[in-house]
Amino acid sequence: MIYICRKEHFNAAHKLYNPQWTEEKNIEVFGPCCNANWHGHNFELIVTVKGNPDPETGFVIDLKKLSKLIRANVIEKLDHKNLNVDVDFMLGKMASTEHLAIEIWKILDPLISAVSKAKLHCVTLYETPRNFVEYYGEE
Amino acid sequence: MIYICRKEHFNAAHKLYNPQWTEEKNIEVFGPCCNANWHGHNFELIVTVKGNPDPETGFVIDLKKLSKLIRANVIEKLDHKNLNVDVDFMLGKMASTEHLAIEIWKILDPLISAVSKAKLHCVTLYETPRNFVEYYGEE
Amino acid sequence: MIYICRKEHFNAAHKLYNPQWTEEKNIEVFGPCCNANWHGHNFELIVTVKGNPDPETGFVIDLKKLSKLIRANVIEKLDHKNLNVDVDFMLGKMASTEHLAIEIWKILDPLISAVSKAKLHCVTLYETPRNFVEYYGEE
Amino acid sequence: MIYICRKEHFNAAHKLYNPQWTEEKNIEVFGPCCNANWHGHNFELIVTVKGNPDPETGFVIDLKKLSKLIRANVIEKLDHKNLNVDVDFMLGKMASTEHLAIEIWKILDPLISAVSKAKLHCVTLYETPRNFVEYYGEE
Amino acid sequence: MIYICRKEHFNAAHKLYNPQWTEEKNIEVFGPCCNANWHGHNFELIVTVKGNPDPETGFVIDLKKLSKLIRANVIEKLDHKNLNVDVDFMLGKMASTEHLAIEIWKILDPLISAVSKAKLHCVTLYETPRNFVEYYGEE
Amino acid sequence: MIYICRKEHFNAAHKLYNPQWTEEKNIEVFGPCCNANWHGHNFELIVTVKGNPDPETGFVIDLKKLSKLIRANVIEKLDHKNLNVDVDFMLGKMASTEHLAIEIWKILDPLISAVSKAKLHCVTLYETPRNFVEYYGEE
């Protein structure tokens, strides 16, 4: 078993705001992250896949294909978008990095299994170079 | 003469949209950057100051003071904000990295001259790790 | 379960020197790292916490609070300090990156459990970009 | 148990080409990576070792010794070389990052056990900043 | 006047070898860089353009267009190629980073002037993170 | 004319302390940087040399030779040292990054001219990733 990783990026706007709370409570909990007119980030996404190298190619998975799959199914939906408004799978959810990483997992997990014998192992998502999350599925 | 640099960062939302153009022309020119619901970036700002080291401190300028000055006068106004809507000195201007760097220069240039014998030399502004501008004032 | 990470930094002096050894043995084992007048590093510290996102905030832990907790209890004691002389919890210990990461774990583990339902998962400590350690507690 | 990491680098040429396939199939599968006249990369190698700190040194393993061991046994054989032609342990294998990481593990695992009580834990190999693999041995 | 920069990358093989010298002299001067079977690098290319922002777009030059122009005219010819063998504009020249940066300038300078009022200012080319060149044209 | 750069690194301890001032004034001006027991940094040094490529080698200067020259004459004197106590050319000077860059220039400028037709152009010195200086000689 070996783990192979592909890094992609996207730029998006979001805010952290709980509509069931008062304005005061939102400001108290989220501070500048609940700014009504949004803020944004350059997100970095690392997708880790595990499997055994194919003897004919030496590949666990073809990274060009993995890159295309991530771009078509995740980056296209997030890049230059508003996470709270424009992204169907984030509607009704707090637009935290945690939730976004979990939703990216849910999209990629079946797609990777469908096109290869390899399995999704981890979704790592950097909101900033100092704040990031790792999700390994429901374990 | 020696040049000394301080790097700061902020996260902001923006869009590129010319209100005097049709929707079609905006999409043609700006592509996904004119998304109505905004997108955003982790900006990195490098401020370069030039001068001679003070013999008593060894400093061209005290970087702790320069950092505070940048944070109070630039970062506070930009971090977790919308460049098109929330930032007084960007109102009515295209929210491009070029314009933002020029406006940051206009703010910092007199402030640095007021607190030290050193002079602002360059404002470098990274919108992404691959897209950035440098501004040296009106020369 | 999801893992969330916060990166902080500090600058400190140290030396590697075993007082129960001769000068010759110290030089033989530690080389330039035992220089009598110290040397130093820009340390980078990554604290990883694991838990489930709170449904109201979307957070495993509020990273602003985690950052404050790390700064107040770890960075304050280490930044611009001498690890061998100025830092109470390192006195009498070899000032290796390994020992420092273990002591940082001992400080943060109960504090994180006290303020949230999340648990400390890993302390990663970079002494240089090429030399670093990871500690997951006594497992 | 604590994990300690050392990062090294090397520059090498390679191509991905299966000699049992037609030219067309190679181009279809490997695209520009099968360019007849080679291409190359700046590889970054991270070697992670696990163990307990020695009470006299504070070290799991002396990173200066680990660095020398990696350089003498791995970097010397790969740096400024052609992975398909010049490297004995890659002959007859597809020159993928996966295979290279596995072969580096096979070289380092017995050597690290021979010189210390610590054990090799992981070989991480970056082909580019966006494409990399992790290998933890035959588990 | 403001300067705007776009960073692109490519992976290529090369060797440093002067065919008018003996094998011994090549080894003496170029060391492992003259390895007969090539080695390679992940090159990073930064193209800096200078001009005034267009009042309608806020752009000195549209970075999406600049990126396409660099990719079509430079990256396409270099990526996954052998600089000594596959690249027409390097034939007969020593494949040093210096020469490559100068040739990239010669390609881009007229193309940028043809599509915009902005001017090429600098070509920066990283062979490795520690070795790089800057070329400002024939000044 | 083309500019070629080599990046090296060293780890050192220092403090900022003016012995002609009271303890109070030192603390007021330098804050934690005057900690009596020192602190330290991973310094990054970039040396930029300008000249014309030699037609036989394609080099402005052989970067392997430049690296050796920097290591023998600068890094050896600074790495794992105390800038205030151990370094002859810093004795009696404030150990600021500005002064250190100027002294490195004074060492390297004649040495580079002695071994090549190229000239030293710039010394860039990073104290931290956010604080750095550039020195171009007495111009």
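Letters are used for the chains, namely A, B, C, D, E and F, taken in the order the chains are written, and counting of residues starts over at 1 for each.
Throughout what follows, a contact is a pair of C-beta atoms (placed from the backbone, for glycine too) under 8 Å apart; a residue touches a chain by one contact, two chains touch by 3 or more.
What you see is a predicted model; the values in this text were computed from it and never measured.
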What are the chains that subunit E and subunit F both touch?
B
Please flag the chain sitting at the greatest distance from subunit F, going by CA centroids.
A
When the C-alpha atoms of subunit B and subunit C are each averaged to a single point, how far apart are the two points in Å?
34
Expressed in whole Å, how far the mean CA point of subunit A lies from that of subunit F is 42
Between subunit A and subunit B, tell me the centre distance in angstrom, where each centre is the average of that chain's C-alpha atoms.
28
Out of subunit D, which residues touch more than one other chain, so two or more?
129
Interchain contacts, given as pairs of chains that touch:
A-B, A-C, A-D, B-E, B-F, C-D, C-F, D-E, E-F
Using the touch definition up top, name the residues of subunit B that touch subunit F in the complex.
1-8, 48, 53, 56-60, 62-64
Give every residue of subunit F touching subunit C within the complex, in rising order.
9, 11-14, 32-33, 35, 37-42, 79-82, 85-86, 128-129
Quick check: in the complex, which residue numbers of subunit D touch subunit A?
16, 18, 20-21, 29-31, 93-99, 101-102, 129-136, 139
